[in-house]
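Which chain is which? They are A, B and C, in the order written, and residues in each are numbered from 1.
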Amino acid sequence: MKTNAGNFFEDFTLGQVIEHATPRTITEGDRAIYGAIYPTRFAVPSSAEFAASVGLSPHPVEEMVGFHVAFGKTVPDVSLNAVANLGYAECRFHQPVVPGDTLRTRSEVIGLKENSNARTGVVWVRSTATNQRGEVVIDWARWVMVHKHSAESPAPETVVPSLADAVAPGDLVVPAGLDFSAYDTAAAGSPHLLGDYGVGERIDHVDGVTLTDAEHMMATRLWQNTAKVHFNTDARPDGRRLVYGGHVISLARALSFNGLANAQLVAAINAGAHVAPAFADDTVHAWSEVLEVAELEAPAVGALRLRLVATRGRDESMTLRGEDGKYADGVLLDLDYWALVPR
Amino acid sequence: MKTNAGNFFEDFTLGQVIEHATPRTITEGDRAIYGAIYPTRFAVPSSAEFAASVGLSPHPVEEMVGFHVAFGKTVPDVSLNAVANLGYAECRFHQPVVPGDTLRTRSEVIGLKENSNARTGVVWVRSTATNQRGEVVIDWARWVMVHKHSAESPAPETVVPSLADAVAPGDLVVPAGLDFSAYDTAAAGSPHLLGDYGVGERIDHVDGVTLTDAEHMMATRLWQNTAKVHFNTDARPDGRRLVYGGHVISLARALSFNGLANAQLVAAINAGAHVAPAFADDTVHAWSEVLEVAELEAPAVGALRLRLVATRGRDESMTLRGEDGKYADGVLLDLDYWALVPR
Amino acid sequence: MKTNAGNFFEDFTLGQVIEHATPRTITEGDRAIYGAIYPTRFAVPSSAEFAASVGLSPHPVEEMVGFHVAFGKTVPDVSLNAVANLGYAECRFHQPVVPGDTLRTRSEVIGLKENSNARTGVVWVRSTATNQRGEVVIDWARWVMVHKHSAESPAPETVVPSLADAVAPGDLVVPAGLDFSAYDTAAAGSPHLLGDYGVGERIDHVDGVTLTDAEHMMATRLWQNTAKVHFNTDARPDGRRLVYGGHVISLARALSFNGLANAQLVAAINAGAHVAPAFADDTVHAWSEVLEVAELEAPAVGALRLRLVATRGRDESMTLRGEDGKYADGVLLDLDYWALVPR
């Protein structure tokens, strides 16, 4: 067999290291397509001048560009036969990605647990994206439920890794040179600095975007993510193309500009759940909740820990869970991340 | 409120200056997406070699790229609550935009007039886009009808600015260095020079393009234009996404290549009316009428003043208005502009 | 008439040379859009680092980017009034196209044959794309059936050019500097080198992509291909937009990564038939057959001659023709090409 059938649960062993194909060079073309597909307006990735004015030069692309590219590389090896993406943790952005950078990704299997049905198992991997200088750019843990080849295969020893609930503020990596001392709030689009946000505050980002198949496929392909369900109407019984979960993340993050325009840089992703599938014709809205506020060492730099919730249709009540503790109807994404914000 | 609710009629005062967020750097990615969304083939923006051969280096992007970016910045502040875009005037392109340029836009309120219904008013603004060197790149006047917050608010003093019907040929800005003396008509795609066009001549551009939602949304997002009606099927009672008027301008301009291949550069927009809304599945055609022919000082450079009309479906009769003086059925756009043409 | 009505059969004469408008500069934006529209993952065009590691720097774009741009230029002059694209032959890629290159295309009429119905004729052209240094980048022969203006026009002398069934391995042009000695199979995504492929071997590329109108129109516009049938629902009686045949080529080539990840560079196209039309909502799959295996002079470089077949729906039986010798139902494309592969 010269084609890739993907890995099944039995193919993973604890400590196994997978070098993912294929390296990918980021370009100004990626920035432009990202901006055509997501309604992003954050000043740092939008303007080379603004980025330079806060110490970032050459001009970084949106953090999620790097994340999706790095993540996409893992799909053919890790999640081609996945039943579900179960979660993310400990994702840190170590340095900005700039046009000309070439990313490659390596994953190590850090946990395995067969499910009681003997048909599936959970695989935990820690993935690391490096650039052309071998420097770490992004790393993260992720766990997925994967089909077993055969219910007869013996179960491996269960190892469940211990993962932090959230990256501690002191563990956030501030990009070298970042300095918000001369931050231009008028150019950035909002006067609200770190101190203006309080824990528990919720922000309805108001705007909504109705999804199309062409757009989510283009985005997902740009990241070289090859999961069939996103592209092929024959891959699911309902004949619909499942929207890549990362598409909803990027869309919600872009929508959050309206209310969080100064949440310039994503520094870490603490946790993420793709609560419900999204499809073309769904109209996606977003709201955020402030979970934590932290001052960092870098000049005038602070961090907001935010819950970013994407919903199908607008929920002005911003309800995450019902009284039964389950996610409310219409919730698509529940993402917990850290953003760097001027203080 | 941390989200932007947009300005209502009462929020505008005569002489008010608004610095629009967020600056935006133009890249080769923008050129490529523009070429993927509009069927443009003008030789100057298509070929760096051709552009250099007429004195333009580095390689300019299509003028409308700069216009849409500069215009998009004004939307959150000027027209988020607009009932209608009423018109443009005195739009001049002061210098070519090249990849690497960062544009920002500032607007000044130059006129106000409350409507007799006391529910809406007309706001005139003069907007100026500057680059990273602070030089003026594009400026234009525009007037929009905006909702009042409350019918009870007192009306401001009525001030209607005096705007020129058209930019005079002597006021057109020819890009520094432009020289059409060695113009290669074979490469450009047409043998027809300035002298071959006569006032009153009409040209049916023949080709048509059927619109899709994915494409007009991608274009409109690229310009960071955030008006809800373009993206969200819940924003209008009919559940359709209104096509951004500038999308129709760029589409018609691109279609005009077939008949006006040597109308290389847009120098000014004299007036523009979005006569009827456009939606996905409409097939857009275009025709042009020559309004004025002018010789300019620059070597072998002339200017054609053109009426560019976009229609839903092809109208081989090229009828702008019916006998009642109203725009003919199917007319979407009536744009009056100046193009620089070799003579 | 200032608009281009295209050429009819009577307009072509043997030996006629046509300089096609308009030159086009390739950019990183083109690479990015190509990667958004086609699921390509070949390591050379994906990674500047990988490309440099095999001797290719600056970073080439996918060969088909150059081909489509060069081909698109010929459409307004050669095939605007075409009934059908009948075939390709002797297409060779003489050097990689890199961002910054400006391509122009010239065609010479090398054959003419009126059909017995006197209403159409076949035109053979040899087209040559050159770069800004005047160097040949790609050349190919192509023949199309074109409408006559009038059935009354006299038939020209019949001249049918002699075209090779395939480019001989010794005539393939290996890019200057290409050296696969240090080829990294893990990065490239497959351990299978030249010697692992045997003549007659068939590979089912498994994955499928369901087409959308927005995507094929964007791709086709990017190549400045103006044929109406791709863009205008009024151009065909069935109201459908015909997918540009080259779109299916690029899609099938990208899908072939899964099984042919090391078929890095397209060196020649020997023959190609667009067997059936493709439309939005068709799900395109692909399979390949190894036709010939050749070792070349360049270090560690070999060549695979491959038949690349695109189908509507997946055909695991990989049947090209039925017992009647006709193409099997569902076959869209039958392309015979040479790829450069590490040995």
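Operating definition for what follows: contacts are C-beta pairs under 8 Å (C-beta built on N, C-alpha and C of every residue); 3 or more make two chains touch, one makes a residue touch a chain.
Quick caveat: nothing in here was measured; it's all calculated off a predicted structure.
Viewed as a contact network, the protein chains are fully connected, with every chain touching every other. Under half of the residue numbers found at the subunit A and subunit C interface occur in both copies, marking it as a different-residue contact.
Between subunit A and subunit B the CA-based rotation angle works out to 120°, given as a multiple of 5.
Averaged C-alpha coordinates put the centre of subunit A at 36 Å from the centre of subunit C. Residue positions of subunit A touching 2 or more other chains, listed in rising order: 27-30, 32-33, 212-215.
Only residues 27-33, 35-39, 41-43, 46-50, 59, 186-190, 192, 196, 203-210, 212-215, 258-261, 281, 283, 313-314 of subunit C touch subunit A when the two sit together in their complex. Residue ranges on subunit A touching subunit C, taken from their complex, read 2-4, 19, 21-25, 27-30, 32-33, 76, 99-100, 102, 104, 132, 212-215, 217-219, 221-222, 224, 226, 228, 231-235, 241.
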